[in-house]
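Shared between the two complexes below is chain A, which pairs with chain B and chain C, respectively.
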Partner chain A sequence: MRPLTKNRPKALIPVANSPIIDYSIRALVATGIREIIVVVGYRKEHVIRYLNRCEFPIQVVEQKNQLGTGDALKCAEPLVREDFLVLPGDNYIDAASLAKIKDEKNAVLVQDHPYPSNFGVVITKKGEVTEIIEKPEHAPSFTVSTGIFSLSKDFFTVLKGTELTDAVNEMIARGGHLKAVSTGAWQDAVYPWDLLALNKKTVGGIDPVKSGTIDRTAVIRGAVRIGRGAHIGPFAVVHGPAVIGENARIGSHCTIGPSVSIGDRVTVEPFTLLEDSLLMDDSSIGSHSRVVEAVIGEGSALMDHTTVTPGTPFMEIEGTVIRGRFGCIIGDQVRSEPHCIYQGAIVGNNTRIRGGKMITGLDAAQDGVVVV
Partner chain B sequence: MEKCLKPEGKVIFMECVILAAGEGKRMRPLTATRPKVMIPLVNRPMADHLVCAARDAGITEFVFVVGYREQEVRQYFGDGSGLGVSIRYVTQRHQRGTADALRAVEDMVSGWFLLLNGDMVIRSQDIAGIIKNKALRMGLFHSDHPEDFGVVTLEGETVTSLQEKSDQPRSNLINAGVYYLSEEIFTDLRSVAASSRGEYELTEALADMIKEGRMAGHPLSFWLDVGYPWDLLDANAALLKELTPVSEGIIEEGVHLSGMVSTGKGTVIKSGTYIEGPCIIGDNCRIGPHAYIRGATAIGPRCHIGHSTEIKNSLIMEDTRIPHFNYIGDSVVGRECNFGAGTKVANLRHDHRPVLVRGRNTRRMKLGAIIGDGVRLGINCSVNVGSVIGSGAIVAPHSLVEGCIDGKTFIR
Partner chain C sequence: MCGIFGYNGGIKAPGIVLEGLRRLEYRGYDSFGIATLGDKIRVRKQQGRIPETGYETGNLAGSIAIGHTRWATHGIPDHRNAHPHLDCGGKIAIVHNGIIENYLALKQELTGKGHRFQSDTDSEVIAHLLEEVYDRDLLTSLTTVLPRLEGSYAILAIAQGDSRIIAARHRSPLVLGIGDRAMFAASDMAPILEHTRRVMVLEDGDIATFTPESVEIFHDGRKVRRPEEIIEWSVEDVRKGGFSHYMLKEIYEQPAVFSDAIRSLRKEEVPLVFSESGQVTIVACGTSYHAAMVFRYLLEEHCHVPARVELASEFRYYPPPLSGLVIGISQSGETADTIMALEMATLQGSPTLAIVNVVGSSLSRIADATLSMRAGPEISVAATKSFIAELAVFLHLIDVMKSGSLGPHLDHAHQAMEEALLIDLGNAVTCCRAAKDIFFVGRGPYYPLALEGALKMKEISYIHAEGYAAGEIKHGPFALLSPETPMVAICAPGETYAVMTSNIREMKARGTPLIILGEQGDRDLEELADVFIPLPEAGSIAGLLSATVILQLLAYHTADALGRDIDRPRNLAKSVTVE
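After this line comes the complex of A and B, so read on.
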């Protein structure tokens, strides 16, 4: 997830202008669950600050060292009073799926995935899980665990190691049952470009409202949410689903959407096209740009005549070679001068790109470099 | 606004608790400056209709549970002497459900009392039926869409179960929000836990009484629930049917009135105006010349409906000006709005589908717009079907307005 997780935990990356964890909390509340415990660790102050803004109290426990999911769950043990749900805070899930397992004693939500090797692969027999194999090289099935479990309180007796999966396997080995319940709504983000899919999914569920100052010649079609104090210039065209944050400024003749999230105080200069993209707070895009399948971090500025176009680069990330399809992933506080081209590029935080550069793959992936 | 003044019939000593604390989120933007129970129907707030119905059944002691924008309620009703009743108030600081609201009045009522949800319209005969003898009783109503309400099952007169709002309702008898209870309820209220919505529901406190077979059901002859803004139009039309018209306004020569038309004090209906009832026009309005008003319409006090303006099946609140060449149909318009010349509201989809408001099917083929307070529309604006315009929005001339517009939005 680097560069985006350098300054914030993954659960706080905004998609459709709400942190990822917000969707889990909303799904829980909609399912009628209000006793929520959040285990924090990496950059915990960000998470706590966010949770303090919630309408109802959420309990927080700290995991001192990020050893594993089982260890994280163990941290919450003193606060768990009855049967419970476990959710990763950095995945998307909907209320309907949670409702399916809420009243089951020992169940896991599973989903088919084209690349199961990145996840816990679930082996089932007649709807019961027989084993979960964590990140196997050769996956025996395409069914993966979403990491969302409904468990009984006595699960803590088998929770010894640091991995939740080991404990689950131990429970099954001791004759415990674990029902596999399939969902279609779950969305994980393993690689930064997965945020584009997550964004597409979440922006599709917004409640359309127009606010701010909108020019009467602007065309707004489909589900579009425009925040307070936003400014939509003359002849701008916004195709929903799209969300535009508070005090954002969309210049004249821009074309925005579909599947675009624009954060608070973002500026998009005139004559720019944005499609299938996620722009975080305080970023800006210069005029006459074309930006497709981009994730732009907080406070980053792409100056005029920038082109972001999808590419499918091969990349080595943490020792494995992978190929993703995306336009660009740009970290926080990046400055990119006019006439740059990005194709399947990852750009580190605080990087500066001189004018007229063509960036692909990991060319500029390191933080704080200057590309001349 | 006009109030109903005369109490009828004999007086019974009994308290009536009216729950009037909620904002009514589904009623936005009409609840931006008033709680839901203060939304007017035939120029009187919903709660006024309710107080009068209870009073006509003989009740004179009222306790209002207020909260959201409570000043609106307190100012309008005062101590109740204007309506010939006595009203006391208790403030519910946070709107945490009906059980929580009722808890707030524990020290103020004793013995048997009537409990009414503030956001509905019922008849005094039904209230009289419910309080006729001292036994636990709740009002029920036959609904064609019970999936929108809590429903009950009956055996003879006894309520056998109460089911929260569900997609598969067990019956079409819905819980109308009218209860005749004794003070023992306060003991049951203590054990109510927060529901899945995070609210303290009164229905949970009733569970024991229902299980013991002590709760009787009383079918109501008439009941109007106003959940969504468009429900106001039906409620307004139903109440207009029963209105006793007054004719206190000045009607110039050359005005045509047909059907029931009620005009308030100081109102002037100018020449060439054509009004088809049922229609109520408040005090100090200026109507016409050459206005065309069709039923069922309520126009609040101090409105101006001017030349060549047509208004049909709408609810217009006080101090709103719709002065020239306007068309408004099947719409709710808040107070202090101003419509520029030639601005019109569409009320029918040309693909003949039901109108949607914020994605919700209203089940209505005809619906115009829901317009909050203080909205100013420039000349020649077109407002599309199902639009929601928040309070204080300003729209420049010749704009197309559609979808949901937040309060204070500026379309320029």
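After this line comes the complex of A and C, so read on.
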């Protein structure tokens, strides 16, 4: 997920202007769960600060070393008093799916995935899980574990190692039952461009609210949420679903949406088109730009006449060659001068791109470099 | 933010509520009050913090009590505006946390019907609205009244002849506690956990009634149940919200404090006394004094307005042919020296302006005008977010004088602080924790930051630390430099850069370990430094803020590594109310 996870844990990456973890918490609350424990580690102060803004108290436990999911769960053991749900804080899930397993003694939410090898593949027999194989090279099925379990308190007796999956397999080997319950709502983000799909999903579920000032010649269609103090200029067109944050400024003649999230204090200059994109807080896009399938990090500025267009580059990430389709993934505090073109490009944090460059793939993926 | 607390269960009600309010003081502490329900409703309220000892609950009596500790939003913090508020007949009492946005319209309507208001608060309308519809059933009355309120609220209400407390919430927190023949309601769990571990969290739109034995909750007119929870954590955990110390929590709040302060300052007029003054004198102590020194550099540079900055405790020894405005600045507004200095300025006939965090504090009462820094309650003894909020006020004043040309910089300055929070200070902490003496140097506006960095270091880590203007090092302190005395130098691009680097080279020659804050990618500095810390937005106004955050964190992590009692450093008090 680099460059986006350098400055924040994945759980705090915003989609539709709320951190990913917020969706899990809201789903839990909507399911009637009030006792929530969050295990924090990487950039823990940021997570804690975020949780403090939540309406009701959430207990926080620190995992000193990020050894694995099983170890994380073990950190929470002293606070767990009864049967419980365990879920990753950086995936999307909805309340209806959680409700399906909430009252099961031992159950796991499963979902079919086109690339099962990135996940724990679930083998079932008559609705019962017989084994979970973590990231197999050749997956025997397309059904994967969402990492969301409903477990009984005595699960901790088999929780010995650092990985949750090992403990689950151990429980099954000892004759324990684990029911597989399927869902279609789960969404994980493994690669940064997966955020575009997550963004599309979450923007699609917003409640439309119109605050701020909207010029009377502007056109707002579909479900659009506009934050306080935001300004939509003359002749701008916003196609829902879209979210526009507080104090954001959309210039005249812009076309925004569908599936666009725009963070707080973002500026979009006149005559710019934005589609299927995620702009984090304090970023800006210059005039006369065309930006499609882009993720733009906090405080980054793309100047005028920028083009972001989807590409499908091959990339070697952590030793494996993969291919994704996206326009660009741009880190935090990037400065990009006029007339740049991005096609399937990943750009590191604090990078500067001189004018007129064409960037694809991992050309500018390192942090803090200057591309001339 | 305010705190509310209610108790229904026995004769000690006034004392229990008073103790509960003490636990909620972090939500606000500029006035407090309690109402009890016995044979009739009795109220006692007063301005200021709850006294440590010796507060008499006096004539308060009854087994039912509600209380409130206030952080003023509508109406100055005084006895009149303190909660609980009563209706005209004195038969209904309420406490409220939140903001009633349409209170002016409601107040007008009620005044038209003959209601007499005692306070300037938004909350009082609730009591009068209840009176308007009350017919011996408070639950029905409150259910009728709530749809008329716009905004946010957590309300507790009592009425004469009704042995229940009625509670309601909408977008403000409210928690119920279930004890042994006693029930509690509070803004958070802190005051409840002393009495019971069984709690219920109300949801938006819930109305609850409780007697000592039972709780009933209604939502949309239907009776509902809310799950009961057993809470096993300590009161301290609740308030620190997972952070290891208040200081760290407050450091992390700073980006939001800065943006919120700028945003709300823009909504109000700059006091006339400021815009009309040709010369400015600022009196302050400690951290506020350092903020004032930063102001002086910026004011003279950007606006060419001459400014004097004086230690409040020394101010009176200057023969004062004062002219122009005198600004007193104090987080608590109760700093004795600053109050004395401002009183003196008033006697001289100078116009005065107070900049305080606690609205209605002594300092703001004696000044001609007041600006609030809006940092929210600061608990840690070592000031952090109030320093940033003071800088926000000063930067805003300069922005106004420059007709808004700083505006865009201020809008995005919080980002530099966010970036500073991400920087790993591990090596710098290793360097500092072993030292007996540490020097901090800077030039220009970075000089006061060096002073502030040194102050934070000494007050919480107990390591002897001194801040100097870099040019002064050669006039004496140079004799102390050695491989055992780390030097923290702030060296940002700009006017002072060239001479700073030559100063640093001289120190390097003494073998002094150098911790340098400079612009990212500055190869020269990286080479010179033993520990190089990249300074976000170096050289700009935002860079002053990010440097502040880094120096605070350096002090914090050093003190933490040494195992110091960070939130309560030895021998120090939060506000110094004696000379």
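Note that the second predicted complex is superposed on the first by the 372 of 372 C-alpha atoms of A that agree within 3 Å, B and C clash if a C-alpha of one lies under 4 Å from a C-alpha of the other, contacts with A are read in each partner's own complex, and residues count from 1 in each chain.
We take it that a contact is a pair of C-beta atoms (placed from the backbone, for glycine too) under 8 Å apart; a residue touches a chain by one contact, two chains touch by 3 or more.
Predicted model only: the values in this text are computed from it and were never measured.
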{"item": "Simultaneous placement of chain C and chain B on chain A, clash or fit", "value": "clash"}
{"item": "First, second, both or neither for A:Arg228, with chain B first and chain C second", "value": "first"}
{"item": "Touched partner set for A:Arg34, first chain B, second chain C, both or neither", "value": "both"}
{"item": "First, second, both or neither for A:Ile48, with chain B first and chain C second", "value": "second"}
{"item": "Broader residue contact with chain A after superposition on the shared chain, chain B or chain C", "value": "C"}
{"item": "Touched partner set for A:Val121, first chain B, second chain C, both or neither", "value": "neither"}
{"item": "First (chain B), second (chain C), both or neither touched by A:Ile220", "value": "first"}
{"item": "Contacts of A:Gln59 with chain B and chain C, given as first, second, both or neither", "value": "second"}
{"item": "Partner chain in contact with A:Asp207 - chain B first, chain C second, else both or neither", "value": "first"}
{"item": "From 127-135, 163-171, 199-207 or 235-243, the chain B stretch with C-alpha clashes against chain C", "value": "199-207"}
{"item": "Chain A positions touched by chain B in one structure and by chain C in the second", "value": "32, 34, 56"}
{"item": "Of chain A, residues touching chain B in the complex", "value": "29, 31-34, 56, 207-216, 220, 223, 226, 228"}
{"item": "Chain A-touching residues of chain B, taken from the complex the two chains share", "value": "194-198, 358-359, 395-396, 398-400, 403-406, 408-412"}
{"item": "Partner chain A, residues of chain C touching it in the complex", "value": "173, 175, 188-189, 201, 227, 229-230, 232-233, 237-238, 241-243, 248-249, 252-253, 411-412, 415, 418-419, 421-422, 520-521"}
{"item": "Complex contact set, residues of chain A against chain C", "value": "7, 32, 34-35, 40, 43, 45-46, 48-49, 51-52, 55-57, 59-60, 79, 81, 265, 282, 298-299, 332-333, 350, 368"}
